[in-house]
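Some notes on the structure that comes next.
Residue numbering begins at 1 within each chain, and the chains themselves are lettered A, B, C and D in the order written.
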Amino acid sequence: MLLIGTVTVSWYLAVGAVLFVLGAVCMATKRNLLGVLMGVELVLNGANMNFIAFGSKVLRPEGSLGLDGQLIALFVIVLAAAEAAVALAIALNFYNNHNTVDVDRANELNG
Amino acid sequence: MADFINNIFGIGDSWVGYLIAALIAAVLILHVVAVGALLFIWMERKISGRIQDRLGPTRVGGKYGWLQTLADGIKLIAKEDITPDLADRFLFKIAPYVGLAASYAAFIALPFADGVVAQHVNTAVFFVLAVLGLEVFSVILAGYASGSKWSLFGAMREAAQVVSYEVPLGMCVVVPVMICGTMNLTTIGNMQAGLFTNWLVFNDPFTFLTAIIYFTCATAGVNRAPFDLAEAESELVAGFHTEYSGLRWSLFFMAEYSSMFVVSALASILFFGGSHGPIPVGQWIGETIGGTWGLNISRIIGVGNLLLKGLIGVTVMMWIRWTFPRLRIDQVMTMCLKYCVPLAALGFIGATTWQYLDLPTANSLVGNPRYEKHEMWTEGVEVTPAADASPASGIPDPEPHQEDKTANADSVTVKTLPVSVVKGGER
Amino acid sequence: MESTTDFYNLIDALKADSANSLGLFMPEITLCVFIALFLAVRLVTTKLDLFWVALAGAVVGLVSSNPLQLCGGNVESEELFTGLLVHDGLTIAIRSILMLFLVLFLIFTKISGVPDKEDGADVYSLVFGSTLGMCLMASANHLLIVFLAIEMAGVPSYVLAGLIKGRKRGSESALKYAIYGAGAAGVMLYGISLLVGLSGTAHLPTMALELAQIIPQAGLGEQAVLCLAAVMISVGIAFKLSAVPFHFWAPDVFHGACAEVNAFLSVASKAAALALLLRLAVGLGSVPLSEIEAPQAIQQTVEAHQETVQTDLVPTHLVSLEDEAVSGSDEDIDVKSSEPVEAQANAETEAPATEAEVVEAVDPRLEIKQAHDEALSPVRNFIGLLIAFFAVITATFGNLAAYGQKNIKRLLAYSTIAHAGYMMMAVTPLMMMLGTDNNGAEQAASALIQYIVVYVFLNLGAFSIIAFLRNYVGSEEIEDYSGMVKSRPVLVICLALIFFSLVGLPPLSGFLGKFAIFASLADGYSTAGSSALLVLLIAGGLNTAISLFYYLGVIKTMVMGEPDESHHLGDRPVGRIEMAYVVVVSIPTVFLIVCWQWVAGFADEAVKHFIS
Amino acid sequence: MDLIAVAWPYWHQFFFIIFATIAIGFGFGVLLSKNVVRMAFYLVLSLGSTAGLFFLAGAEFVGAMQLMIYVGGTLVLLIFGVMLTAQKDFINMDTHTQDWILATIVGGSLLMVLLFGAFGAEDWRTPQDINDAHVSATKEATPLGLALTGIRVDTLGESTDAVADGKSGYLMPFIIVSFHLLVVLIGAAYMARTKKLSHATDDKSSRAKLMLFKMEHEEEPLEEAKYVVTHKGKSALNPLDPNDED
């Protein structure tokens, strides 16, 4: 009753790739800077998905990254949290100074 | 169960059987949530009544008014479902379901007794905590989507509060995990079988402290009084659910009561012996009867134990709610950052030291042996060498180490293994 | 219970490894301790100026990074913390440079007055945290550490960019830096994940070994993945280096942040990023000797095996393990046997010969290494060309865009970009010569270190003068500097010296740095014969000529221009401390040439065992 | 009892499709939604189902951590930020049409390349033998925790050389990252504190700050009263200042 063949590492990678691209496009197009930060989260998540897929013994017992994949993913989650905290603080600081969260208004520095 | 269903219908290895099995488990758990909420709301009314020296509901359903909640439920269902004009309609409508789904999902990994669990999750402790943490989104979304300032204030308070209290909560939960060497709730529960002295809360003074901190933080985590700042009716009308009515409003309460039960059950598993009673009656009965029936009977008794302990926990929460005044928001944060976090850290360090120094536990004082760590559900499942090799308890027996080293001192083992292992050090 | 034995062996190995590693990890530990100390001191007293604590920390860090070790004996390459970090001459050199910079930087901030006492503790923590990340960047030997270090160096500097909180421009620059930085880090992480997934390890030497086996038989898909991974990782590093086309943050951030932070970003961050570039390029481009298992060792195991069979002392699992090793030596050199590749076929034919003459003086691993390195030559070519491409457009664009800048900080930002381009140029000949002419490759790396040493003083000096001028004039526009030489001659002369040195005019030290890099380019061209190197050489020469004019423009304004009364030039005289500091920092600009052999010797010593 | 044990491929595929659809679908939701609060909500669902995929791939601990730290912590923080800045004008922000077109083209081609990469390597798209595919329930968290303390028990079975050489423990980054978090915490707190400018005195540091502000407010003259904070750190501008006793 398999609908579409066994799920392989590539499938997980495909999901990761889609999340990555969505995040990247989100970063590029959103005008609300919190939306941009959300794009960052999606990007990191897409990369994390790869690590999990490569490290999964369920998907690929031979030649998989093994535990390293999970460990790297853990560190990435922690680092992403740290980055988000700082980015948010900076965003709020920007909001305090400019009274806007529109990234298009961050245009004082040009030329 | 899935095999059983598949056999009945004769459909072999198909996911249909598993789907049906999953649905049955889901419906069973849903009953814990729904019936539990009915019971708890009635209890809350009765308890608050008694605490305030009045009777509480008396009419519907006889002398004790035990059908009162059902009557209320019917009323709520019949009520009009109002969506304010200023609301973000989509989020407004979906918010209550998010909360209910989160607190309901936590039951997936909650073992009611040894082996009575919807899905074995090896990291069940953190799974339950993590999923419960998602409940905050329902409050935030409801608060934002209502388009009312009271709601928004409530939501902001909730966000700050829950994120802060997750820190000490996590630190408290780590203590039993560290003592048992596993994050599997079933195993943690089973390690506390036997006399009540074996319960982790009596393990050492620091676990006792940790248990208290855990319960405090859990109360705050599920947004109950005296930490219910998100719905502080004296300041914010009704906080995040000001604009809700009817069924959606009642869903918030279902979510609240079921997550109250989850954290209480988690407390009883982590600290108060899980599905094991203070005196191992169920276990004794089960072992006397023996076989599958014995196992099942002891499981049923275990489920009863756990439900009772969860009920006691919920009752204590109600008792606290109706006797303590509500804190101010700054007091709530002070409580978390200045008291709970340091005390949780103290508990953690103390418990670690206690384990490290191998100081006597209540159990060893009584002379009761610590119950063997066993998981009935893993029978027949292969354990990989890696898991076998790692001394999961965290306190490996030093004997084989010394022996092996000396035994192999002259052999090639020393030449091959250690040399290559410490290669990094020698270069 | 053989697994228990193994477990305890692991613990013993960990203890030995950590004890050994911690001794060589002192500068980083110092930074960590002082970060904690800043917090602790603030709890106890608010009166103590944390600058002194920070300075003490930086000095202790400088001492513990022990640059004199390079002058003394040979520093062997050594893996720390179970292979996560590597400790060799390059590590020591970059760490010492960073710590020296930190000392000078802290004094500079104290003199210039940003941060003030109130913010001091926070800012010093951030600076130390960022430096910690940079130290890790210089010694990374594992792709997780690469990412971790980049984040650790980056995230605190996002905050530093917005150091003055109430300023619109400061918060804007911090925001831009944070968002672009986070995006680049995300892209880099994705690239790392692909590379790690393909090779099955994140440890750089092991990865090189795996790649040497994968590449000769890689299909189109694998090649595409490798290229994709390389490009994505290079995005992350190019961002750190502010290489074109990932430079766009640099002018804005430099413009918005205050000059103190600019000095930190343009020097420390660049030095660390270049070290990381070296590590990654060489790490992926060649298999270190220590990573290759010698046939000799296998021979020994075979003998040992025979002994033990006689004495019957070995547990069965060990026998089986050695059986593997024995069979491995017959079929394949590597225990992780894979399909025999063309390159390895050579090694195989050599293997029996070396087994026969075990006592031969020549290390038999060298031949295997050569085979592996040959297999990796497409990687080196790809990396070399990629970097060459980045270098040329970075240097050219940076220099061209610097024209027409009205703000001195913006101008220096573009100058920084251009210099990143020059410095990256050294990596291409390194990659081209690696494997064929290791001495030449080492010379290229050495040239890069020399340039970095010079560059530390140049940019620190330039930005400190800008900061001091700002304190007096209240402006960073070039036109406001007009006629400055009359009121503040010392600062202007020093700035002129530094600018000439940045251009690379002889006999200033900048000339020697540039000369070293161009020499290695020429050397690489004559050895490897790659036309890319010639292009680089020409581009470098042209760029030097281009860059002359905009630096001259600034100096001309300061010297020839008439003081404009409408711009309120503050009439305070320059303080003595400021002047002393500027002179001290500018001295190396002139006098480094006198003791150039020290710098060259330092750099040579630093890269001595870098390529093994 | 263990549902996953027997019909693993079916089960895996079934849930993979569910979780992947939710993750990608709500990922698109994040991209296409104009409303920032809804974006946050979609992001929660997307990342939550990514955690589901982690569980499915056998990384239970990482999945739980994803839920706890990422979804429960980071995203709550983000939503907090959304609420602090949630003013009428900023809730809905349209992206410019030309941005959309450009983003679609660039993003689409990037996606093509990445998907080609994902299905590129032979090893990655080869399915497991169905009978081998299920790995019995192992205690993943224990080796994971031990690896963070530097001991890799999961590689015990392999050659010991592999254990020593870089495939080993992650003790150092585990410790170092805590310092990173400390620094980041200090940085975030520093950033989030309210702006202050010390009283303009002869003090050098204040002069530097004043000059910095002056440069920015050249056109609109610096209202000193707006920025100057009296000696005790009280500020009229700043009602949230905890030192303010009024």
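We adopt the following convention: a contact is a pair of C-beta atoms (placed from the backbone, for glycine too) under 8 Å apart; a residue touches a chain by one contact, two chains touch by 3 or more.
Keep in mind that this is a model prediction, so the values were computed, not measured.
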| task | Determine the chain that sits nearest the middle of the structure, using the mean of its CA atoms as its centre. | result | D
| Taking contacts as defined above, which has more of them, C-D or A-C? | C-D
| note | Cα centroid separation, chain B vs chain D, in Å, comes to 26
| What whole-number Å value describes the gap between the mean CA coordinates of chain A and chain C? | 26
| For chain B and chain C, what's the span in angstrom between their mean Cα positions? | 48
| Where does chain D touch two or more other chains at once, residue-wise? | 10, 61, 65, 73, 77, 80, 114, 117, 119, 121, 124, 135, 140, 143, 152-154, 156-157, 159-161, 163-165, 167-168, 170, 173, 177, 180, 184, 187-191, 195
| Out of chain C, which residues touch more than one other chain, so two or more? | 3, 6-7, 9-10, 13, 17, 79-80, 82-83, 144, 148, 151, 155, 158-159, 162, 165-169, 174, 194, 197, 201-202, 321
| note | Residues of chain B that touch two or more other chains sit at 14-15, 385, 389-390, 416-417, 421-422, 424
| remark: chain B partner, complex, touching residues on chain D are 1-3, 5-7, 10-11, 14, 35, 37-38, 41, 44, 48, 55, 60-61, 63-65, 67-68, 71-73, 76-77, 79-80, 83, 86, 135-143, 146, 153-154, 156-157, 159-161, 163-165, 168
| said: Please output the residues of chain D touching chain C within their complex, sorted ascending. | reply: 113-114, 116-117, 119-122, 124, 150-153, 156-157, 159-161, 163-173, 176-177, 179-180, 182-184, 186-191, 193, 195-198, 203-209, 211-216, 227
| message | Help me check something: in the complex, which residues belonging to chain A touch chain C? | response | 9, 13, 16, 20, 23-24, 27, 33, 36-37, 39-40, 43-44, 46-48, 50-51, 53-54, 63-65, 68-69, 71-72, 75-76, 79, 82-83, 86-87, 89-91, 93-94, 96-98, 103, 106, 108-111
| task | Sort out for me which residues of chain A touch chain D in the complex. | result | 1-26, 28-32, 34-35, 37-39, 41-42, 45, 48-49, 52-53, 55-61, 63, 66-71, 73-75, 77-86, 88-93, 95-97, 100-102
| field | Contact footprint of chain A on chain C as seen in their complex | value | 144, 147-148, 151, 155, 158-159, 162, 165-169, 171-176, 178-179, 182-183, 185-187, 189-190, 192-194, 196-197, 200-202, 251-252, 255-256, 406, 410
